[in-house]
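There are structures below to look over.
In the two assemblies presented below, chain A is common to both, partnered first by chain B and then by chain C.
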Partner chain A sequence: MSTQVMPAPATHTAPATAGSRPRRRPSRAQRGSWALTIILALCSLTVLVPLYASCVMAFKTTRQAVDGNAFSLPFPLSLDGFVQAWTLTDFPRSFAISVFIAAVTVAGTIALSSFAAFAISHNWENRVFRWSFFYLLAAMFLPFPVVALSQVKLTGMVHLDNPVGVAILHIMFQLSFSVMLFTAFLRSIPTELEESARIDGASTWQVFWRLVFPLLAPMSATVGIFAFLASWNDYMMPTLITADPALQTLPVLQNIFQTQFSNNYNVSFASYLMAMAPAIIVYLISQRWVMSGLTQGAIK
Partner chain B sequence: MQSTTPAAQPGLSRRSFLFGAAALGAGLSMAGCAPGQGSGGKTTTITFYVSKPEVIGYFDGLIKQFHASQDTVRVIRDSTSSMSADFVRNQPPDLGCWNYNFSVAAFVRHGALSDLSDMAEAKSINPKLWPLLQQTATYPGRTSAIPYSVMAASVIYNKDMFARYGLAVPTTWSQLQAVCRTLQGAGISPFYNTLKDNWTVAQGMFDYSVGGMVDIPRFFSALDAEGTSVRAGSAASFHKDFQGPMQHMSQLALLANQDAASRGYGDGNLAFAQGKAAMYLQGPWALNEIAKTAPTMNLGTFPLPVTEDPADLKVRVNVDLALWIPEASKKKAAARQFLSFLMQPEVNDKYNADNNGFGVRTDSPPARNPALAGMQKYYDGAAFYLGASQLIPASIPVADYAQAIALGSAPGPELATLDSDWSRLALRNA
Partner chain C sequence: MALSSPAPVRRRRRVEPVFYLFLLPTVILFTLAIMVPAVMGIALSFTNSVGFGDFRFIGLTNYIAVFSDPAILAAYLFTIGFAVVTVLLVNVVAFLLAIALTSRIRARIALRAVFVLPMVVSGIVIAYVFNYLFSNSLPSVASAVGFGPLEQSVLANPDLAWLAIVVVTAWQAIPGTLLIYIAGVLAIPSDVYEAASLDGAGGWRQLRSITVPLTAGYVVINLILGFKGFMNTYDIIVGLTGGGPGTSTTSVAMSIFNGFSNGDYSYQMANATIFFLIAIVIALLQLRTTRGKAAL
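== the complex of A and B ==
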């Protein structure tokens, strides 16, 4: 019942407010949209220009890569950079390990932080839960480098100096921010929804899993994207925590392409392109949910 | 009933996704563990750390050779782990192949590296090299590391350009100035400077000027003796002893390309390869970068003359790679076996020939790259010094001070700052 009622007024009000404005003042709105388009176009250049440079650089020969013209088209076209990057990083293996860490981080972050947020938002009056929320938030002010040394020692002692340990630590460091997002979102879900499920005889687990968790989907997508990016792009934690060089992640291995004394622009950019691909693909697939999540939150 | 059935379907698929992800993860972690556990029986697996990314492929080839030659020791090459983290968790690599500089100095001073003095390889080392290692770091009564490759740096010059203007290699400061005047008269900038990257100033103009005029080991031991009381008026100080070299450096900076302030290391290699200057103050590492653009360029090297006496000529050296075995390693015997393999004359000499290094034994052949021939005489005669910028602890930003002087600051105040930095650091370490 209530699920059908809730979105109805929302969908009615949204187009009404948005639609009335351009009809009254079309010229100014149009001018505004032109200015906005130009600003957005300029902003997109800041992404597209470096992307273009890295694409053409990846296909250059070493000699052309150091000639100081980053924007020139590659001639002759060379796949040498990709071949070298592939073998030097042992790409399939390091890629699989990066994917593994990112997947565990995303799944673990979404699961753990939604559990925590559910418990905290339902027991807000209880002092223990309220303070545990503040405790989790306080972790946001604790960057990894501060605790790096003790983490290295601890993970070594409990034999977690491997990708599993890195994934667990990634989950830990994502927890505070994700719990905050989930808790804020959960508070906007009306309690009547849950009460109706309770009346139908649902247990706490069923309420969470059948009702609340599906409602959290857009926020889960947001949390998941943040967790994925943080884990996929991380350099410092895997480099310190992982002991076995054969289990190292892609960003750490890519560090070997550039040193103070030598530059292999074509090899490094080829490798960056290969590493960038999954992040872009994940974002392209899931961005619809992020957008819908933002608008849903805004209306409620 | 009706409300639960539609909700169950997305829940199921999400659950199966999570299970799938977990199963995938578990599978991968098992697969990842497999090769590590496979080394049972009588073989010993050791970790070998190489710090130089550009020679990883080379050492991988050597490891293959080593595996083929025997089957009791297996080597895993590592170039990505964090060394400090490895030591913190008490799992350092069994054999390290590192630059012998500040990054390793702390480990040496704290006795984290085992004594190698009983190895035959240690006895074969050119005895003139040991003082270089001792200056950087030492632990009483131990030979903590065995040098593998030494790099010598001086002025790289364009031989064809020198020949075109009938110039000879200068051996005194006034000859150098005459060479520069001739080049400037012909519209060529004598030096190509890359002041944007401060390290290029520190290892080039700064170190060459200082090393050519100051007795580096004596100066730094005097400075250590002075400790917290280093200041402008003390017996040894940067302000007093570096004043002369810095005057020369300020003059050298004026003899370079006009746009030096905005040029970086990569720009310098490209411009020098394109013949935009006659001389370049860089080490042999730049030769490979220049060769990317101009593979057949006719290059030579000579030590930068900063005095009027040709007997003062010296080249700047650094122990580019040294081998060491940590005290915490549990497989020292296997590590020593691989160390001996790497130190075999034919293996070691081939490395140095391929990577523009100078040999570490008394019977090592001369450097193969013809561009390095100009330094051989000085290297063989032990007319070399460690770069001053490498002996000043990294917490003092000496490269920034050198950059400031090269950009036109008066040397006096910069050197006074260096003195106060030194004494402050001595106070903190006391």
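== the complex of A and C ==
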């Protein structure tokens, strides 16, 4: 949760990329400078090298992996690490639990926050709704350690010390950020659209599902991606809330390699790779929305 | 942060009851899941509860004990120092990267995608990866080039272990900060640069006199957001040092969680309440600074 990002509102929709400032330096080639590109490419190694090391380590044999050289290419190429990691973390089960928590979090966050934002933005002049907005926002300033211990007790009491409870809490911690985004976005939708739908006899419920919710789609994508990342990568909450180790999420389960099997580096790295891959894949597929949601300032 | 009020719609109309159905489930769940535990925890910090069974009111005893506990003071000192160093490092690097990634370069989309990648990687897992690199690869590289101080694992060195935590935290936190800075740089109208260009300002001068001052608001946001986030650091420390060697890298969040398993429930809740007060101070600071910015 600590890495959550505020969407930065742009004062206008980003036409100012370097390419569109043709008159700034007319003499310079349009396509960009090689020197800076090369410097940046070298800097990007700091990002890529740890990921590269994870990949090559994962494909090594156990014997090659213990030689302490994290950067050598695997020879011979071996899938043993993946095979063993698969059974040690009971991959299908832990993967399914992680997917379950993330899916419930994404669906729940989008549904609850768009409902709340819809109600709030339509009734801002009413005190109940206005104060609810600030009330929901307050959680953004509440550090998780402050509520964690009581949450552990309460979830235990109501038998939610399991993935369902983790998913509910994930949704709750995403609310502030998501309600804020949706409310800001709803303000930009002209009310005439809704009014014409109402003249045609649509109820508020129908207006929401047929008109507002589809309009929210780009914002839902951004909210959903952040909910997914926060949920999939969370460590604190599943560790504390889930009582039964057999119901633990995939990233959290990686701790078994810190104690047992600690010398089978190829196995642990294969397992790390399998735990990181889903989030990376989701990012690569969705990065267009991550980027546009954040940098174009979909909210104004 | 969208604190400026949404446009008043249908000012005199009564609230349609269905809107309560849209709002109330969320507010009730939120109250039960977050506000009740928060109030409960703060209330119990004034008791001698061990997490279950009977307890009685003991006033400020826990708070007095927290302030005279060297372990907790050390945790605060470490956490604040770590947060300050990390926030500075992250912001300097992210700002420079944002400038570079918005200027004329080749493969801009691909480079941006690569620099944002660490944001999506699980903190605990990447900490395990770095743990291996710090304890195995770095020492072997260091002894190959004969650089003494790094021939032992930095994670085993009580004076250096915190630096490893700074590096990994920064590695993961730079992308988020970077995205905000990119948004900030892109939000500067291009005609400002054009005017400066016509007046004969070169690239360096434009950077110093336009880009830096016009992104100052984003710097403030990033400093506060970053500081708030780093105060909560937990999983990267678990993955790298587990709070050690000794207790040299135990953060406040970690000491709160450890207290729970040791049965110091109400005592650690007093610690958590103090931590919360610090968070509120930072939050107020944030509200004040961001309210000054129109669009926020």
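The rule is short, and it goes like this: the second predicted complex is superposed on the first by the 227 of 300 C-alpha atoms of A that agree within 3 Å, B and C clash if a C-alpha of one lies under 4 Å from a C-alpha of the other, contacts with A are read in each partner's own complex, and residues count from 1 in each chain.
Please note the rule applied: a contact is a pair of C-beta atoms (placed from the backbone, for glycine too) under 8 Å apart; a residue touches a chain by one contact, two chains touch by 3 or more.
As the structure is a computational prediction, the values presented were derived from the model and not from experiment.
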item: Which superposed partner A:Asp244 touches (first chain B, second chain C, both, neither); value: first
item: Touched partner set for A:Val252, first chain B, second chain C, both or neither; value: both
item: Contacts of A:Ile199 with chain B and chain C, given as first, second, both or neither; value: neither
item: Contacts of A:Trp209 with chain B and chain C, given as first, second, both or neither; value: first
item: Chain B versus chain C as contact partner of A:Ala103, first or second or both or neither; value: first
item: Touching partner for A:Glu125 - first (chain B), second (chain C), both, neither; value: second
item: Which of chain B and chain C A:Leu169 touches, first, second, both or neither; value: second
item: Contacts of A:Leu42 with chain B and chain C, given as first, second, both or neither; value: neither
item: More chain A residues in contact [chain B versus chain C]; value: C
item: Touched partner set for A:Ala275, first chain B, second chain C, both or neither; value: second
item: Overlapping contact positions on chain A, where the chain C interface meets the chain B interface; value: 68, 148-149, 152-153, 240, 252, 255, 257
item: Parts of chain C lying in touch with chain A, wherever the complex brings them together; value: 1-2, 5-11, 15-16, 18-20, 22-23, 25-27, 29-30, 33-34, 36-38, 40-41, 44, 51-52, 97, 100-108, 111-126, 128-130, 132-133, 136-137, 140, 171-173, 176, 179-180, 182-190, 193-194, 197, 203, 218, 221, 225, 228-235, 238, 252-253, 256-257, 260, 265, 268-269, 272-273, 275-276, 279-280, 282-283, 286, 295-296
item: Residues of chain B touching chain A in the complex; value: 3-4, 7-8, 10-11, 14, 18, 21-22, 24-25, 28-29, 32-33, 35-36, 47, 52-54, 56-57, 76-82, 85-86, 88-91, 199, 265-267, 269-270, 285-286, 288-289, 292-293
item: Contacting residues of chain A [partner chain B, same complex]; value: 62-63, 66-68, 88, 96-97, 100, 103-104, 106-107, 111, 148-149, 152-153, 155-157, 161-164, 167, 200, 209-211, 213-214, 239-248, 252-253, 255-257, 259-263
